[in-house]
Amino acid sequence: MFTRRSAGLAVAAMFVLAAPASAEERAEVIHWWTSGGESAAVKVFADQFRAAGGTWVDTAIAGGANARTAAINRTVGGDPPTAMQFNTGKQFDDLVENELLADVDAQAAAQNWKAILPASFVQAVTRNGHVYAVPVNIHGQNWLFYSNDALHRADVQPPTSWEDLFPALDKLKSAGLIPLAFSGQKNWERNLFNNVMAGRGGHDLFVAFWGKRDVAMVKGPEFRSIVETYKRLHDYVDPGSPGRNWNDATSLVIQGKAGMQFMGDWAKGEFTAAGMTPGKEYGCTVLSDHGMAYVMGGDVFAFPRLKDTSQTKAQQLLARVLLEPKTQIEFAQKKGSIPVRLDVDTSSLDTCARKASGWVADAKAQVPANELLSPPALTGAIEDIISQYWNDPTMTTDTFITKVANTLSQQF
Amino acid sequence: MSGTTLIPRGRPPGKLSPARMGLYAFLAICALFFLTPLYVMLVTSLKAMPEIRQGYILAWPSAPSLAAWGKAWFSACTGLSCNGIRVGFVNSLRIMVPSVIVSITVGAITGYALSFWRPRGAVVLFGVLIAVAFIPYQVFIYPLVRIFSHLGLNNSVPGIVLIHTIFGLPTMTLIFRNHFAALPEELFKAARVDGAGFWRIFGAIMLPMALPIIVVAVILQVTGIWNDFIFGLVFAGRANLPMTVQLNNIVNSTQGEREYNVEMAATLLTATVPLVVYFVSGRWFVRGIAAGAVKG
Amino acid sequence: MRIGSRLAAHIALAPALLIALVAYCGAMSWTIWISFTNSRMLPSSVFVGLRQYSSLVANERWQVSVTNIAIFGLLFISLALMLGFLLAALIDQRVRGENLLRSVFLYPFSMSFIVTGLAWRWLLDPTFGIEKVMRDLGLAGFHFDWIVRPERAIYTLVAAAVWHAAGLVMAIMLAGLRGVDPELWKATRVDGIPTWRVYLFIIVPLLRGSFATAIILLATSVARLYDLSVAMTNGGPGIASEVPAKFVMDHLFDRGNVGLATAAATTMLITVVAVIAPLLYWQQSRPGARRTA
Amino acid sequence: MSRQGNVSLRGVAVAYGPIRVFDRLDLEVAQSEFLVLLGPSGCGKSTLLNAIAGLTEIDDGEIWIGDRNVTWLEPKDRGIAMVFQSYALYPRMDVRANLSFGLKVARTPRAEIERRVRTASEMLQIADLLDRRPAELSGGQRQRVAIGRALVRDAGVFLFDEPLSNLDAQLRSELRVEIKRLHQRLGATMIYVTHDQIEALTLADRIAVMKDRTFQQIGSPQEIYQRPVNRFVATFVGSPAMNFVQGHIAPTTDGPVFRSASLRLPLPTYPFANASIDERPVELGIRPEHVIVAPEAAHAHEVCVEMSEPMGSDLLAWTRLGDLPLSVRLPAETKLTPGDRLRILLPEHRFSLFDLASGARL
């Protein structure tokens, strides 16, 4: 028998999607993939789910915080969606603690996740021995994109290490270009800091910072040099950078007004929209001092605990479909990410993604992203300090380090 | 008491003295200041993306095109579906019309009861209403979600109408109370001697006198409710999502590529309804305020 | 019989009372209660006393937010009042195209800041906004980069907010001006008082009701200031243009720090009540504030 | 609807919160009587009227109209009609609707409404205004409509709350006569609040003078005018105001004598309220029109004219008696120039003596 709510959903599904109202495996999915490219990507999931006999009811809400808020509100309010998107990491910790999520242990066992997914990602969705979410993709967060044209004009070779970077930036500057395209919003300021920390400090230092909150490390010389490197980058951004959207910064690279940009692999979407191909008009690389340190984040779907068994079935079906090889590769192509499954054929992806898929398979080349290591509250508090440091020319490195150390030792 | 005449002050229009030329010049500069953002939005919506990337925000488009408008209305992706922002248009109307009516009705009655009848505790109630007017309402969302789901009001048009009533109440009560408080109390006494009771006085005497202020209330509420995004998202339910949710999906994507021309077109399209209400009722708006909203 | 009318008044107030009790007071007490717990993304019931408040007070971003809202509130309210009143007074001089001008000044109020904020950011952006336009016009030394300067960014928010609200003030003032007794104008003209003095010393005091309504409306939007800060500067550069409502929102939703967010919200609530309660009390205790049967 | 009209206030008390407005007021108004509540603004007269109307809640005591205790009745059930200072016409209704609103509320049959509206509008000469809105009427017309609205109620008691204060002088006297005529014609009880002593004196059967929320004196206009019970009533009623001289009263063998710096007036026949007269500071009052000009009289006082004001019907001379200012009312045709001297008599039976400390009449 239908509850009134599910009847309502069925009506909604008919109106919105004109899809057959199969009560059996209908899944309402809340996610924040709303732009054209993202939309094409999520369509892969929907199509595959439909092909497997389910009905995908799409609830797209732009802005991660908006979508998560809506999903959590509904879950707590007793009207959960079938599945909801999170960033891989600690965003759903509280839901697990409050026993609001269903585990997907069976699925993980059936598909043998330990063998096919990066270990850090399996760990990122596991709480107390149970698996609570399905990772669907990997986004590299510390790419350096550069305009071949701009570099050529400034007579610069693409940098391959942090040592190379500064001379290259100087040359770009003297050529009258914006050396580093930057979007001065808090999260990108933090992301740039993470890029420096991963690139110069490597995996252990990165984890010591965000994961272990190692105050002693923060007060040490290595961290100080990272902080100084970060601040040094400020000399190479243009005065218009504060407040700029990331895609406007990318746009500067696309037009050849700026030389390079540190950004996650989603920036490829902007290049693609402008008709550019990686390896041709623009290049991509990851700078790292200690072997490869590829910062990996991504997206997962979590499944609220439900009373309705037909919905539980839909959840199981969806969980399976999301990780199927065909789904994985098609989704990654559209999204600009890389498949979370290590055993799929990545030859159809672009050059940047192909580069990355090698690192993804190599545990030593990886750094878990910020979100995997620290709860949002801590991330946010640190982000405020980073942003202040970046923007306030009077704030000394000592002050910064003291503030960071204090915040890390607080309770979150 | 009624029939506020709206006669402009000052000298009749004559020949242009230097002072008047200065006046017109100043007004023109102000108008320019007010119109610039609209102009930027308009020309951006008529440009293609490569031209926008050039960064000449004030330049007239080299090849003006309504493509972005078409895309915004018909085919922009807002998630899995790519049907533009028109999807939520009807929903927005379905939410707005009853919300405007109910919130204004409750606000008018509350303002009336508080101004003339002053039952015990009225000050406290009014104080709470004013305090709420100053608090960011997002703060209330979480507990209200819990309350609403207990009451089974989640995800329904009545639910979202109630939400708009709840959050419109402070402002609506305030303007109606101020309006009624500015009316002579003797009018109310006369009606009581004539034997009219609470509802009769409201319906036969006060409400007809409040017509202009009702227009003001309608304008304020239409704008507020039409532009609301967060309440619609959280309380309306996915079958009733308003247009602004689609707009937000086009505008607010975190990692997706952005099409500013489509965003601007979508914004202008979304703003059409309140804009039309403004331009049509601008005269009434001023008159409505003149009739007493400002007194008290 | 008398009970009848009083009953009707109470019945009429029942919806408002219910809303106030359940929605407002309920939600507010919940908020206050949660601010004493260690709630993160979801509310918890672990009581931690004033811990959230002590970390709030120590929080630099909160301090900046409070300073900012004070600066913003003061400047925004006074500038919006001044510009709105000036526009109203000028429009009132029998200008041609009054209807059009009025609509032009009023239209910003109908638009949400989600995207108008972006248009503003572009205009103020030193690389392709007004600064660039002026330089392209030959003013090579023209400098206008307030939006990217931490100590100036808050003023650009004021500018955009004034743009948004001045039209509303204008409408309120215009209505007030047209309620002024025509005899008064004749009198001042006979007395030969300069127009600006008439406006400043006679009209402004006459319109104190209009000013009060405008100030209340503007003040509520100051306390709730959120969208504008998000759309224009996102609180930046750094934390230079952060505001309290944004602090609450970010910690409530994005950062999953409900405890700290509710502590901030409670602090805002207490501030508002502390300002309003004496005002209401004063208004109520004035002679003439009568209770009718 | 009851047409009984005697009104009785019994120990009425009104309080706003902790502030006592009235404490135990008693008042009896007889059937068909015209009672004026007279006093300066803020003396509580309007509040009292509102209490009678049922528009203000009373905290203690009882109000009776006719043989009914109306203390807890709604205004409409008290058998009263009321006219307000600001007219309080319903702005969105035309005159006809204004007049008939109360009757409609009371579900009076249509024909009866029609009849009463016609009668009232003819009586007040507003029949040709029935289709106009209040905004289209002059002040005088508005007040006529307001009175008409009270008329149609066919009430036993009419309450007027300063109905003429917003009108200019000419309209005021015109309507004053109109109200008086209505009273005679209808025979209804009327309670009329004003701060204008002329209205009070011309209209009232009885005047209740109020100050500081208490009755100072209740009596016929004659009594109020001739024998004010205290200095306040004496000053408030009468225009131009009564003359006052400060001095002492002392019992002598020839009877009581009033003495001031420049005056010595024996008071052999003054009707003292209290038989035993002891020496005390007093004020002696005499109205300008009670001063007698007597050029031939033996014991006359001589006064010096400082200024004269022709009032049309008579002439007011501002004079000095020694160093005391004294106004004297004279026939209009009297010719006076400043500096003229007049011989006057101060008739003892016109005196009012007030205790200097308490202001009470002796």
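Lettered A, B, C and D in written order, each chain numbered from 1.
Keep this in mind: a contact is a pair of C-beta atoms (placed from the backbone, for glycine too) under 8 Å apart; a residue touches a chain by one contact, two chains touch by 3 or more.
No experiment lies behind these values; they were computed from the predicted model shown.
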Farthest chain relative to chain D (centres taken as mean CA coordinates): A
Chain closest to the assembly centre - both centres taken as Cα means: C
Which of A-B and B-D has more C-beta pairs touching across its chains: A-B
Distance between the centres, which are taken as Cα means, of chain B and chain A, whole angstrom: 37
Centre-to-centre distance between chain D and chain C (centres being mean Cα positions), rounded to whole Å: 53
Between chain B and chain D, centroid-to-centroid distance (C-alpha), Å: 54
Centroid distance [mean C-alpha coordinates] between chain D and chain A, Å: 87
Shared interface positions of chain C, touching two or more other chains: 4-5, 127-128, 253, 290-292
For chain B, residues contacting two or more additional chains: 142, 197, 248, 251-252
Numbers and ranges of chain D residues touching at least 2 other chains: 54-55, 74, 77
Chain C partner contacts - residues on chain B that touch it in the complex: 4-13, 20, 23-24, 26-27, 30-31, 33-38, 40-41, 44, 55-58, 106, 109-110, 112-114, 116-119, 122-123, 125-140, 142-144, 147, 165-166, 169, 171, 173-175, 178, 182, 185, 188, 197-199, 202, 223, 227, 229, 244, 247-248, 251-252, 260, 263-264, 266-267, 271, 274-275, 277-279, 282-283, 285-290, 293-296
List of chain B residues in touch with chain D within their complex: 1-3, 184, 186-187, 189-197, 200, 204-205, 208-209
List of chain C residues in touch with chain B within their complex: 4-6, 8-10, 12-13, 15-17, 19-20, 22-28, 30-31, 43, 83, 87, 90-96, 98-99, 101-112, 114-116, 118-120, 122-123, 127-129, 132-133, 163, 167, 171-172, 174-180, 182, 185, 207, 209-210, 212-213, 216-217, 219-220, 223-224, 226, 245, 248-249, 252-253, 258, 261-262, 265, 268-269, 272-273, 276-277, 280, 284, 290-292
For the chain A and chain C complex, residues of the former touching the latter: 64-66, 68-69, 72, 76, 91, 93-95, 97-98, 184-186, 238-244, 375-377, 379-381, 384, 387-392, 403, 410-412
Parts of chain C lying in touch with chain A, wherever the complex brings them together: 38, 40-42, 55, 60-61, 121, 125-128, 145, 147-148, 150, 153, 232-240, 250-251, 253-257, 260
